[in-house]
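In what comes next, subunit A is part of two complexes: it sits with subunit B in the first one and with subunit C in the second one.
Here is the complex of A and B:
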């Protein structure tokens, strides 16, 4: 993927995204014009990133079921404006995060966060979680298929069998981690993951971050 | 239990982020101490394991099923600091990739699940020296603490919590906490059969005094949560967050004294009581650790002589 937004430095995008999130979170009483302006801004960002706008707009809605539960409670207790604002803030925040992540590969984003001072150790652990997420999920799926082919249906395993499966998965993951570590040491790992490419933080990145912040704050100040 | 953005008010998420960031940095340093770098792949892969193990359904009652949340299990196998880091990285990945939990609310979620949840799970395990009861209580307390904190933060943010909603959610939390305890015991049992030696059974640190203190903390905190869920009086007043804030402020200054003396004055606020109970657990935990360290140092000095 390549677009003006993809080319911006992850640190700049993280700053812009956090600024947007804070402005959205601080929308208090009904601020429909500001909310609309943020929606337009995010849609424009999505278009600039050459991402499918309708899909991203829909993707932000994944928070709505949970948000709706709380909004209904608020509405029933007679505070329908607050209920509506909870929905609006949750949706816009989710959309902001989605746009940030969709336009930034995770390794780049983590490198950007490191530049902003996030603890390196945590970011390295996150990289490993991300890398082995699907591997272990596939392994769990394979174990489930194997159990199903031996014993018929395993839609819900018996409690103790399920515990056994979880235990096996734990032991396999643990052993796998040790094998991975040995392989990494054999390749010269000394506690630091080398970054493949270090993008420099250039003038356009600073302009992008400052510009987005300025627009977000201006919308918050003028329209809300 | 992952709080999305948009729910917490700024005066709740901002201080929690401000507390969580240095806490995670400190825990990261602590997790690295005394281990070589093989911890990094291990912790990452165990984080991925927590994602994967949620595909395994445990039958609970008729037709429903639960899955392992895993904070307590991680603290038994990796130690509390490393477990907190693994849970933090899981929460961050969930917030970024799966839109599960907000970015600004990450500090709140980290405190609820990765820090308080993991510590609350580890405490009974240490105090009961890795026995089955300790494992079970660890699973239960870890989930209960996270849930109570999340509920408290939401109500401090002014999310209305009418009585029936609160009763239902408290009931659900208790049930899922018991399920987590049962699953944790079962998985730990299976693990010991498959390949013994995964559990880092804590060395008998402290002594009877520490055990008594810890048990008292668990009983206090547990009783607070249970009593609160049984008698959710005055929940309507939760909407008036300002009142709770001033009380919470006085609680922070002298948590234990307020908890003991404050039964009368705090009786109305469910959140106040729960927070007091949890602060009590935290304070006693810190005292336990400090006492254990001092005792350990004395023992070490004695051995050297």
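Here is the complex of A and C:
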């Protein structure tokens, strides 16, 4: 996909995204106007990236069940506005991350994060998780199909059986990891992943990062 | 002619003491293709893993293109011996096909421009240049196998070792792979249960039995002798 946002350097987008996250996370008291402005900014960014706006806005809500626990505690303690802000901050943060990931191919994002000094080991883990998550899901699917073909259904798995299946899946993942490591060593891996040359960080990327940061900080300062 | 692979008295025992290889002698001439046949657990893959030092021998020697497989030579040995594993999924670990094909040259310290050139050439060789920027998990089984081979060819090895290369491939995929491998000039060691596939590529075979080479010779003769 090609869009003005896709064309920006991953490091620039990561800086802008991090700035947004800090501004959003620091919305301490009820700040509905600032939250609304951030939502508009993110929706505009999604549209500029030619991504499906309703789907991305809905996707951001995936984090809400995890934030709901803290929000419930705040609500029970009588601070319903704080509870609502917990959910709003979680949603906007999730949306920011989603927009960054959806508008940046992972190899570029990893290269950008490396440029910003992110630990190499962490980036390697991210790369392998991304590469093999699908494979692991397929293996889990194959196990589920095998169980269903013999048991008739796997909908009502007892806890013990589910725990056993998770153990088998872990063992398979471990075997897979060993096979990958062996293949890497066979091809000369000595602990460091070779990186292809990174795309140059140009003036428009710097302008984009600085501009986004300036808007995010202005919203935080004026509307919150 | 000096053999490109020379193995003498190779022995290997697992940590529990089980002997997997019990004194293997083996020669491979430049450009030759030899099939390794034998039952599961007979030692074929264990033998292959010694050729580029993934396993360390309990005894005996392995020499590749005049260089003995030892700790200090492993980097060069691994460049000379390209291992294509049975499961391509595990072998293709980089985010894109091109990056995967360029992995070994880059890891060996080759300049990026040269490494990418080698990777592109290898992808062309296996007919996968048009998928250079695809993610490996979007490929079919046959395509994955081709890319795995490209990743090895980019190392410019002297020897190709292929472990069950026809696994997961449909008959057209197998035919395509046989044609591709036949066109490659490197010496080849082919570990397989697929005798017909081995017959298309190799003129000779060795038969592994309980960690020993029980026989060597023409594929047809060996298949007949062991009712394979």
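Basically, the second predicted complex is superposed on the first by the 172 of 224 C-alpha atoms of A that agree within 3 Å, B and C clash if a C-alpha of one lies under 4 Å from a C-alpha of the other, contacts with A are read in each partner's own complex, and residues count from 1 in each chain.
Criterion: a contact is a pair of C-beta atoms (placed from the backbone, for glycine too) under 8 Å apart; a residue touches a chain by one contact, two chains touch by 3 or more.
Bear in mind that the values here come from a model prediction, so they are computed numbers and not experimental data.
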item	value
Touched partner set for A:24, first subunit B, second subunit C, both or neither	first
First, second, both or neither for A:50, with subunit B first and subunit C second	neither
Touching partner for A:107 - first (subunit B), second (subunit C), both, neither	second
First, second, both or neither for A:7, with subunit B first and subunit C second	neither
Superposed model, subunit A: greater residue contact from subunit B or subunit C	B
Which of subunit B and subunit C A:128 touches, first, second, both or neither	both
Contacts of A:176 with subunit B and subunit C, given as first, second, both or neither	both
Contacts of A:184 with subunit B and subunit C, given as first, second, both or neither	both
Partner chain(s) touched by A:115 [first = subunit B, second = subunit C, both, neither]	neither
Common interface residues of subunit A - those touching subunit B in one complex and subunit C in the other	106, 127-128, 130-132, 135, 176, 180, 184-185, 189-190
Subunit C - residues contacting subunit A, complex	52, 54, 75, 78-79, 83, 85, 87, 89-91, 93-96, 99, 102-104, 106-108, 112, 115-116, 136-137, 151-152, 155
Subunit A residues touching subunit B - in the complex, by the definition given at the top	17-18, 21-22, 24-26, 59-60, 62-63, 66-67, 70, 73-74, 76-77, 79, 82, 86-94, 97-98, 101, 106, 109, 119, 121-122, 124-133, 135-137, 139-141, 144, 155-160, 162-171, 173-174, 176-178, 180-181, 184-185, 189-191
Complex interface listing, subunit B residues touching subunit A	4-8, 10, 13, 24-25, 28-29, 31-32, 36-38, 40-49, 51-53, 55-59, 65, 68, 73, 77, 85-86, 88-90, 92-93, 95-97, 99, 102-104, 154, 158-162, 165, 182-183, 186-187, 189-191, 193-195, 198
Complex interface listing, subunit A residues touching subunit C	106-107, 110, 127-128, 130-132, 134-135, 176, 179-180, 182-190, 194, 196-197
